[in-house]
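So, here's a batch of structures to check.
First subunit A sits with subunit B, and in the next complex the same chain sits with subunit C.
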Partner chain A sequence: MSDILKALIEIVGERGVSNTPEELWFYSRDPGVLTPHLPDYVVAPRTTEEVRKIVLLANREKIPVVPMGNGMSLTGLVIPLKGGIVLDMKRMNKILEVNAMARYAVVEGGTSQGVLKAYLQEHYPQLRHSIPDAPPTTTIAANAALHGQGRLTQQYGFNSEMVTGLEVVLPTGEVCLIGSPSLGPYWFSRGPTMPDLSALFLGWLGTTGIITKIGLRLYPNKKIRDVELFVTDRVDLIPDILYKLTHLEILEDVNVWFQPKPLMFQGNFHITLYFTGDTEEEIAFKRRMVWDALQEYMDSKDGGFMSVQYMKEMLMEMPQRGIADFADVPKGGGFEYSGPITIIEHFPQYAAKVVELAAKYDVLYASSARLISGGHCMMFSISFAFNRNDPAMMTRVKHALDEATAFALEMGGIPWKPNFMEQKMIMEKMDKNALKLLQMIKNNLDPQGIMNPGNWEVNS
Partner chain B sequence: MYALQWKEKVCATCPSADCLLKCQYISFARHDEAHGEMMKVVRGEDSRVLHECATCYACEEYCKRGNHPFYLISERREERGMFTAPRPITNQWKNMTQMQGKYMVGQVKDKALSCCFIPDLGILGTGEIFKDVASAVAFGAEFMCPAVHTHFARMSVIKERLPIVIENFVKLGVKEVICLHDECYGTFTAIASAYGIDVPFKPVYYMDFLLSRMKEMKDRIKPLGIKAAYQRPCSNRLIPDKHPLVKEILDLIGVELPNREYQGENCLCCGEILRSVSGYKLADDVQERNLNDMVQTGAEYCVFNCPACQSSLSEKVAKKGLKPVHIIDLCKMALGEKERGVR
Partner chain C sequence: MTYAHTIEHAEIVHRCFRCGYCKFPSDYVDFNCPSYKAFGWDTYSPGGRMWLIRAWLNDEIKSSPHFAEILYSCVACDNCKNQCVFPKFRDFLPDIFQETKAELVNDGRIPPEVRDYFKAIAISGNPYKLPQSERGKWAEGTGLQPYTNQEYLFYAGCVGSYDEVGQKMARSVGKLLSDAGISAGILGSEEACDGSEVKVLGEMGLFTKLAQENIGQFKAKGIKKIITLDPHALNVFKKDYPKLGGEFRVFHYTEILAGLIKDKKIALTNYPVKVTYHDPCYLGRHNQIYGPPREILKAIPGVELVEMHRNALNAFCCGGGGGNFFTDILGTGEDSAGRVRVREARDTRARIVAVACPSCAKMLSDAVKTEGLEDTLEVLGIAEIIERARAK
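Right, the complex of A and B next:
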């Protein structure tokens, strides 16, 4: 047994470490199209102290550390590109505190979305968090680490903007409290009125430290939730429609989606509109506001509300499982998406690009855009499904995704949860002094370059 | 292509113009005004009817002179490239009901039990009542009556698809098709005959089947002793002669059908298509009036004929304190096959 393995066992116990081939095989890949790479060890800590010791060891031995939640970000972000330790955070899954009055929760760095949802439903039914449509096993800290979006993003911004404080193990082993918890017992603010240090970790994809605790804003959970589905066949109208809808300031979530299959969806753009209320009157009032806002499109026959009776159950699911069904249309269960963040005005150009790429690379597409912060921007997903047993199809999807990222950058968008190559494209294009700042931060925080190496490689 | 068989002279000399005078959605001051507008439609001229018709199907029942005013209105709208509902909704319906080879056929011999393209009908067509035909199910777009496209003024879709649907049944070798969907029966009888489309099998209306089965099992019926308000579907306007069956069946199982304002010829539709065609204001108004009218009868149940009406109104009637139930389920309740309650 190697010294490193022994040291790891000493830290987390035998059941918390593995280097067996079958386990390393699983931790070498994600469900996306990037090439797998084997780690040397998989380690599953249970406490911040264990994480700290692992990082100190890794620092001393110059071993890469890849923090991992559920590994479902799809763009290879937890593939250990340079081997080393995959740090599986899932055993750090406790809910530490809910402050119902200040509406925040504090959870450990491997707590899943599903666990927090179930806990709130049981103990604080009047509260909810912004759950993404990712599988419920995906983790809260990882979602913040990649600037994820959830059901409340239309109203309140990126899920990472809802962070109210962090406990982080720095790449050099220090445990650091960020925000109001650094001054007292309350986790109500990540920074303000101090400099906001959480930005050193959010969006960094685990390359600047390991989040071991995270505070997260909670929001009112209204008694009733409802949905309307507006459809139009004129893509050029979408930005205006979204502008009118966001002007209402009453919508919980807004998704715009289009896909060629099944046939009933072909040729139309669908806007799913969610709204909430505590009474039937409130719901009826909001529904009327939505209908009135879009009446002109009904009058011109360019758009209308589709009956949702038969789809309602599926549309109301949180997270929506139907999204993953798409992966199995070509059989073989693969799907990956590029999800640039962009301005709503560009919806028509992005929509045309999806169709163009799908035709060029002969792959099946689906697209869904989620509005962010009342329409300041949107996440426009360009999703392709593929058969995992068909390497040629996977290569075509990879090319299509690369081209989608290049297009997003050309259009002034920002690739979301970029893979390592896309990160390079971003750094090449970004303002040179901003890149310098990025280098200063990364090199100072992670002098040995051990954190999720291959990602945000600012020096190459 | 099949053409609507229209008796122009019958219209020209019509003393009543009931088709439009009775219309619940377009108001006319006098007979000559209504008649004048209908004649414009007949002549292929523009008329306010083409712009204001809410597609409720009712004039098919109001006209007692053998013409088909609603089909004609729909034809004229299509000729002019008009859309009743928004274009994307119209096209979506067309796509959604497109035959794609995803149908289901059971052990069909000389009889088929048509479930149209409505999965709920498969569940209804079971139990003792349907024991001899339940296995002979035909389901899917290939067996769906395309009548819904009249709402969207796309008679071309009906003319194109109906002969194929009929042919699909013929290929099964059936002599009889028991239609669980009111609209299918209306299509195979009223629409097919209006367009001169031959139907080489006998369409059987499910309520006729239900009544005769319930009569056969009369001894087993335990009268329910309840009051139920009936939601008549738009498609029943195509086959008004079948409307009295509801009362006959309900009488047999001990269900009182209270009088209400919106019944018979004056019934109101479920309102869901109105929502697509005219917007929420009209739909909400129609639903509100209809449901309040049900409530004031003191009915305990709202009994449905069409699963589409049931799906659009169930939640709403339940919120008003009525239990939504399909007429087949009421019969099953009377036979003790089903718990009393909501489905």
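Right, the complex of A and C next:
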């Protein structure tokens, strides 16, 4: 047994570390199309102190450390590109506190979205968090660390903007409290009125530290939730429609989606509009507001509301289980998407690009855009399914996604949860002084370069 | 595709997205896959298993003791089958795991505990290695007679016949059937293992032999209807024996007792106690029998039935399925299924955990002791609770 393995066992116990071929094989990959790379160890800590000791060991021995939630980014962010330790955080899954009056929760760094949802439903039914449509196994900390979105992103911004405090193990082993918890027992603010240090960890994809606790804003969970589905075949009208809808300031969530299969959806753009209320009157009022806002498109016969009855249950689910089902459309167990953040006026160009790429690379697409922060921007997902038993199809999907990212950058968009190649493309295009600032931060925080190396490689 | 190994559903394995819905119950309150809960590695989850099986089929990983442990830690609880979001193939998940275990059996690459189980069944006819002559001893004093053309065969199974906890359950059921005048007989020392666990552990040759011998015996004796103590036996009699020519009408004892109580053939007196009911996987998820045990408990005057958070389709397994009752591959750690489940039962503030499966009874009784809950929680079979209500 190697000294490293012995040391890791000493920290987390025998059941907390593995270097068997089975775990190494599994933790070398994610469900996307990127090439796997084997780690040397997989380690599953249960406490911040264990994380701290692992990081100190890794620092001393110059071993890469890759923190991992459920590994569902699909863009290879937890693939250990340079080997080392994959740190499976999911055993740190306690809900530590809910402050109902201040509307925040504090959870450990491996707590899943599903567990928090169920906990709030049972103990604080008047509260909710911004749950993403990713599977419920995905973790809250990982979602925030990659600037994820959720059901309340249209109203309140990226899920990372909902962070109210962090406990982070720095790459050099210090345990650091960020925001109001650094001053007292309350987790109500990540920074203001102090400098917002959480930005040193959010969006860094695990390259600047390991989130071991996270505070998250909660929001009112209204008694009634409803949905409308507006359909148009005029892609050029979508930005205006979205602009009018966001002007109302009453919508919980807005998604625009289009896909060629099933055939009944082909050629149309579907805008799913969610709204909430505490009374039927409030719901009826909001529905009327939405209908009034879009009346002109119905008058001109450019669009109309579609009955949602037969798919209402699916649309109302949180998370939407049907989204994962896209992976099996080519009977093959996979899909991956590029999800640039961009302005809504570019919707028509992105929509055209999706169709073009799908035809060029002979792959199946589905696309969905979610509005962010009342329409300041949107996440436009360019999603391609593949058959995992068909390497050629996986390669075509990879090329299509690469081209989608290049297009997004040309259009002034920002790739979301970029893979290591896309990160390089971003850094090449980035303002040089901004890149220099990234270098200063990364090199100071992680002098040995042990944190998720291969990602945000600012020095290469 | 050409694979290094062969299983019937090989062409499906790559379709798993490993999204992880299969780990959860429908409301996501906690992990509902017992092996993932106990071991904590993604490899021990249904999705992890699917991906590893694919790697093994493709010869990217080899058969090994660790791979076998991952496969054999599955308790065949069927939670994954019900929670998977892929309707076109989710029904085959348990088959894929079982087929892979069968391949490991063929290759001789199985854990020693599994090998010993097969040996005990093959040599002694039961996993306890006890004499066949003792198989029917549990029935003494119940009033049940050897089967001679009665309407029903009451089939006790290995756990009901030999395990102390199982015997108690079997006796209480037998006595109730007998007292209620049900025409039922037992096979006693002629009863043989039903083969349910043998099948799920992957020894298909031994399973076929056991099943064919049982079918032959049942037919020779003119048995048409069977009441089982054990939901595992119910499941294999209902689903697997017909494929081998054994068509019988099969009932779980709770179905029969619920009917007797409804028809007022069992008189009940007041028994004031708070009870929670643990759904056995092979009765609930495998056979959708959720109502009768609850109907019985609700019919007992004074019994307050409180549900655990995870119940019915979402119930958390006791950890005894998939042969783990005998092989104990899940172990008895803090996150082992039985211990998690009795903590959940404790949280209901119930005094009794009602069970309808002898394996569950044993697993949860042991877990109550490990958790130090003997003073607050008692594990009892449904028929044992009825007996208490009758005695008062």
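Everything that follows uses one rule, which is that the second predicted complex is superposed on the first by the 460 of 460 C-alpha atoms of A that agree within 3 Å, B and C clash if a C-alpha of one lies under 4 Å from a C-alpha of the other, contacts with A are read in each partner's own complex, and residues count from 1 in each chain.
Heads up, the rule we're going with is that contacts are C-beta pairs under 8 Å (C-beta built on N, C-alpha and C of every residue); 3 or more make two chains touch, one makes a residue touch a chain.
Since the structure is predicted, the reported quantities are computational estimates derived from the model, not experimental observations.
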Counting only touches as set out at the top, which of subunit B and subunit C does A:Trp291 meet: first, second, both, neither?
first
Figure out whether A:Lys301 sits in contact with subunit B (first) or subunit C (second), or with both, or with neither.
first
Of subunit B and subunit C, which one touches more residues of subunit A?
C
Kindly classify A:Lys90 by the partners it touches after superposition: subunit B alone (first), subunit C alone (second), both, or neither?
second
Going by the contact rule set out at the top, does A:Pro21 touch subunit B (first), subunit C (second), both, or neither?
second
Contacts of A:Thr193 with subunit B and subunit C, given as first, second, both or neither:
neither
Which superposed partner A:Asn268 touches (first subunit B, second subunit C, both, neither):
first
State whether A:Tyr310 touches subunit B only (first), subunit C only (second), both chains, or neither.
first
Regarding the shared-chain residue A:Ser460, is it in contact with subunit B (first), subunit C (second), both, or neither?
neither
What residues of subunit C sit close enough to touch subunit A in their complex?
1, 14-21, 23-24, 27-30, 39-43, 48, 51-52, 54-55, 60-62, 64, 66-67, 70, 85-89, 309, 333
Sort out for me which residues of subunit A touch subunit C in the complex.
15, 18, 20-23, 25-27, 31, 42, 44, 70-72, 88, 90-91, 112-115, 117-119, 121-122, 135-138, 321-322, 324-325, 327-328, 331-335, 387-389
Quick check on the complex: what are the subunit A residues that touch subunit B?
231-233, 263-268, 280, 287-288, 291, 295, 297-298, 301-307, 309-310
Subunit A-touching residues of subunit B, taken from the complex the two chains share:
83, 85-89, 91-92, 95-96, 98, 100, 272, 275-276, 279-280, 311-312, 319
